[in-house]
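Structures incoming, each one as structure tokens.
Each of the next two complexes has chain A plus one more chain, namely chain B in the first and chain C in the second.
Then we have the complex of A and B:
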């Protein structure tokens, strides 16, 4: 082809138009609000020079009414394409707030739909960098239809490819439901917010004054509502967080997660594990210490760190292999299971199950959180979610009972009989229907009432209960526990057992889908 | 196609910022040279079996330990003193300054009891400065001693509970005043 000819010149002129459209001036508009531009975000997310944009030249749909106006800009306010993240194919779209407030028009939506379909076909994760004022009012129903298409693709891709939403500005109205349908929602503190109805409507309808941040800021959603799993203090760290998460998860549901070895070795035999759990059952400790001692150095990546902290969930690695961890946290609410922690764990377990990630359960749970509040809010229904998720999961499942394991909570936390593949216990384990105090009170009420020294009798009975019932050895002798192990050898045991489970295969009867108690 | 416009940004330095907003710049890639009070000195980080990890400065050894690390927040124990700081890039540092200029910094945080229980120990006092995550009191509930931590950094404005007192869920325990 003649590179000086008309045809090639026209091609170059087009390229130049795009070059002129994006500029440092545009980026500065975003910087002045403490945010980054769409281009900068894309560049941070992908490995250097690997991003390929598609549909860069599309133009917005023309207006069919005289209401409002349209900014003629190439791309219609969204950058879509694909590239490499840590060497692996990832699709992404980034909304550009500087073009009509990043509003979603029909063309904008079609671009997103296009890469959603591509990502699904190619079996690669998709990341949405969201910074949008919402539906484009001028386009009316067409933009709502656009949202509907995005939601539909979100649902179709759910459980097939990982979907990550990163909120980096506003996401209001219908726009919030795409992130809600995806696997992980990241937010940047103070410059991102999500709500179904904004502060203006809240004021009009309820006469309540509330700011964007108070109503749907990153802190609210990562601490109170649980809508967002990850919160970071700035956009660069937010995107770093997305890149890190992607290293733990597979590209789709038919491949295994990548193996990432750490040259710094974790000792397979570690006596420090014997000291983390205090002998006094009333003393709390931080279960994350146990996790860090068991996993590869620096490999624990916590999910929903600020929400329902009485359960800890996250990814870690054992000899480079990704493991999903679910652990009771005795430091918070005594490690009891309540509504929020059950929902948090259930969702995490189902993600692991969908994406071939084995699950490790670290158990120290006194029971479900009692109270009118919990019962009336439906702990029965919500607690059942975790039970359902554990039982339904066919990935390798291992439990280590570290200390308390009582009643219904014992059953829920991946016990042998709901399908735990290997169930271990430390010598400090107390496995029984209820704690010693409760058991003595129920079974010896009359004796205690008629006793001359009820305190001494109670003490004696509690001791008998601990010696004869609330220990790991009865469960071990009856086969409900596969082995009582020395805490120091736990890591070694886990590596060997997960390896043995590598080719685990479970056949379930065919069905359309189960009916998890939502 | 390649992106129409590239920000062509390369990270040239990182900035450590302490809670008092004092900043310390480190050019990238890292070298052993560090500017201390305008003078360039050599500081090296070493690890051996005898001393563990330590900083070598002017021939002297200063033991150092990483106490806490979460996202870009760090706490380091150096020579027995703990230092808390965040690591920022030039962009995130600008953002941090921008956001702090916008916020009024006068917010209060009310710490309420997460569950019914008994206060067994107070670990702080009124007027004391606390950092987010610092334990404020021990609440015994569910037969377990629970450490209740400061949700934000700031000053303890008022403590509404006493040792030995029983509290109900959502009872106000401590008021914290954000900022200084």
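Then we have the complex of A and C:
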């Protein structure tokens, strides 16, 4: 490089300066907090040596007031660029907490905006690695405008390209709304937190002592608030989780999801499926066992595992093809639908629908969760979200009724008449307006009251009800079910049916957008 | 009458311990196979098994008096050994055994009853001039009465459940203001735990030592003591490490306390093996606390320094034999330490750590004894206590015993579970433990860290984590994900899809 020394001197100086900026010393500041540096995170996210950075040398906007100061550093506290994840183009930005606490200045925001726009133009997923103290106070309104631009691009890209937010440090104040607008929020346990108002404000206003972690840690958001879908114990696994999720989802809303070429298949014929559902209709079982028996080996990737556990959602693969799964979980709250589970499922269904991912529904639902709490908090409005999402979805939709399927919950869980393409039932299915106990109590109240032995009569009536009404055969004969199938052949059936549905298209009336009951 | 067959109404290590002595004495043993652990290791040590693994009940059979009596009748055994825990200190069960015509290995139902109720025990102690922490000898009616008494004896005081044990129904009160609330909490807790809300009050002795004397007594009124055990290393009244003898006792104090222990045993016409527990304060004042009318978990340390088999002694006394040993023949030889290796997460406040023992290597040696009811592949379940093994080590003196225990702990290796082993390593290094001045406040006051970690361990853990992560990452990469196929969309659907936007 000496030959052209004059021209390259400046170039080399800058290179040296930026290398110093991202030195090992710098990374150590993060390591001491159990976190990785922005550079290390980018390296983990992308395939080896594929990341191309842009705008590495931009400098922060100069201050126009005398309040505070700005640290001179290249990049203004954020790394942006693109590279390959499992061989596919992905855009990303990573905030650098070591530069002014990762605070968002106007230049910092412009860089993120630039990469958001590029991702949208290219129809490629975007991943945000967030570790920021929030708006840069010194820059004032310019910083807020920066956030506004990021939010706007988040909304524009919503449903067009997959957007993933990974919280790896603080995300406070308005900053939390960018992750909230994206499709998936990942968090690392103990080192990341998000809240709209922090512990200091809570202390001042309500005089309640609370730590960052208690107020908005990963556990809180993945178990209680549902803000975060994925939680991992360390940053390495968090990023590995993002890479894994990306293998299930397409680059944009035009193409189909990726396919695994060498899937490890589970048996097409599996007698174990006949025994998973216990003979006793009140006995719980783990629906995840059913999912694992039906999907390719180890392919089930659960979303929101710790939140509203009475419904299980996630991605799986059938012969390498991505499938979105929504399943009632009899193990938790007997698999009833409550407000949280409805919201969780509705959001997942809408993601699948936006990105051409077929949906499999595994149903064992005794009904909506009863209670004053649920009614007063609006289960009518929130339960309608799931109904809306299922009905609106135009991707291939298949339902397998494993056991209970009662009342309004039957309708909601992708029933034939709201648009299920293929609806199957196992012989153990019970499809009716309500469960045997309820039905007998309503229809035979007087007889039971006047009976000498009401218990015996009740037992008798329940048996008759089960034999004559609460079974899959009436629905089958009337065409509300396409077929009652042997559980052992379910996987085979699903593969064939989803294949038949792969070119499904439904024309909807033209509209700006629907009005989902929010 | 000689005992020819014996039913062990217990499980785990103590069932095996009892069976071992029975084998030596030529007594046929019966064990009970339960539905909770039909493949448990202790069953392999029994001569005969009473199989009830197909019976499912909410109440564990070892706590079900009626069911046990039917087993006694069906098996036709001569005697029943209750071990520790479960029904070992249940006077009703002992009584039912007597009525059923079998020998209950332990004291008479009357002695169990008297010592089992703490207010009765306090009354007996008072009558016999046994030193007691000042307090009440009857149960307290209400918070007002409690306050009156507490004001008289001075704070701090402790409220204890009359039928209690294991720290439940127990509350320490430092100030008069706390009394009413604590009284309520203690009675509620006692009612829940023991079905008996009655409580009593005594002066709370701060940071005492816990010293207990092993007693042997026959039917002829011969009563001797086998020296003391030091059990001050406790957490919330759960003993963790015991030793015999105690570094705190002089020969003179041992003699005085031993005589008092014998005296209270004789006051209830005690027979069989028993333990008299004392609190010893910093000025060497001692107070009778309670008597345990059973064989104790920590009995092996006494066996090590006396050369006796306590289970054998219990059986011989139950057979009506006279104690051959006189007090002057009892010689304490050397030092023994017992560590209770529990499956517990010490850092998480000693919470039980449930899981499966993947691998276990126990130390061996002439002066090492490991009593365990668990083998590789067994699981620690929430149904039973979390004890994995008891490690008992003997040395010629205390220093040697500590040294040898450390060596033994280093060789004790358990994979698959978190255990108290690293905790004991740090206890044995502790200065206050080594010089013997520790008391029951040891864990709260003396230990800076609950856990022993070596640099080597940390480096290994880091290396292991890195390797694991690399493996996981590699495994993920084996999927050949193809993004191109997703772009081959049938024109039928592609055209419509694009138009619908």
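One rule holds for everything that comes next: the second predicted complex is superposed on the first by the 510 of 518 C-alpha atoms of A that agree within 3 Å, B and C clash if a C-alpha of one lies under 4 Å from a C-alpha of the other, contacts with A are read in each partner's own complex, and residues count from 1 in each chain.
Keep this in mind: a residue touches a chain if its C-beta (ideal position, glycine included) is under 8 Å from a C-beta of that chain, and two chains touch if they have at least 3 such contacts.
Quick caveat: nothing in here was measured; it's all calculated off a predicted structure.
Once chain A is used to superpose the two complexes, chain B occupies space that clashes with chain C.
Legend: residue contacts after superposition of the two complexes on their common chain; A:247 is shown touching chain C, with no touch to chain B. In the overlay built on the shared chain, the residue A:503 is in contact with chain C alone; chain B does not reach it.
In the superposition on chain A, A:87 makes contact with chain C only, not with chain B.
A simple residue count on chain A separates chain B from chain C, and the partner touching more is B. By the document's definition of touching, of the two partners only chain C reaches A:258; chain B does not. Of the two partner chains, chain B is the only one that A:27 touches; chain C does not reach it. By the touch criterion defined above, A:232 lies against chain B but remains apart from chain C after alignment on the C-alpha atoms of chain A.
Touch criterion met: A:283 reaches chain B, while chain C stays clear of it. Only one of the stretches 278-286, 332-340 or 350-358 belonging to chain C overlaps chain B in the superposed arrangement, and that stretch is 350-358. Taken together, the two complexes place residues 236-237 of chain A in contact with chain B and also with chain C. Those residues of chain C that touch chain A in the shared complex are 469, 472-473, 476-483, 485-487, 489-490, 492-494, 496-498, 500-501. Chain A meets chain C in the complex at residues 86-88, 236-237, 240, 243-244, 247, 250-251, 253-262, 356, 502-505, 507-508. Touching chain B in their complex are the following residues of chain A: 15, 18-19, 21-24, 27, 31, 34, 36-37, 39-40, 42-43, 49, 51-54, 56, 79, 190-191, 232-237, 241, 281-284, 305, 330-336, 366, 369, 371, 373, 435, 437.
On the chain B side of its complex with chain A, the touching residues are 1-7, 9, 70-72, 86, 88-89, 91-92, 94-96, 98-99, 103, 114-116, 140-147, 169.
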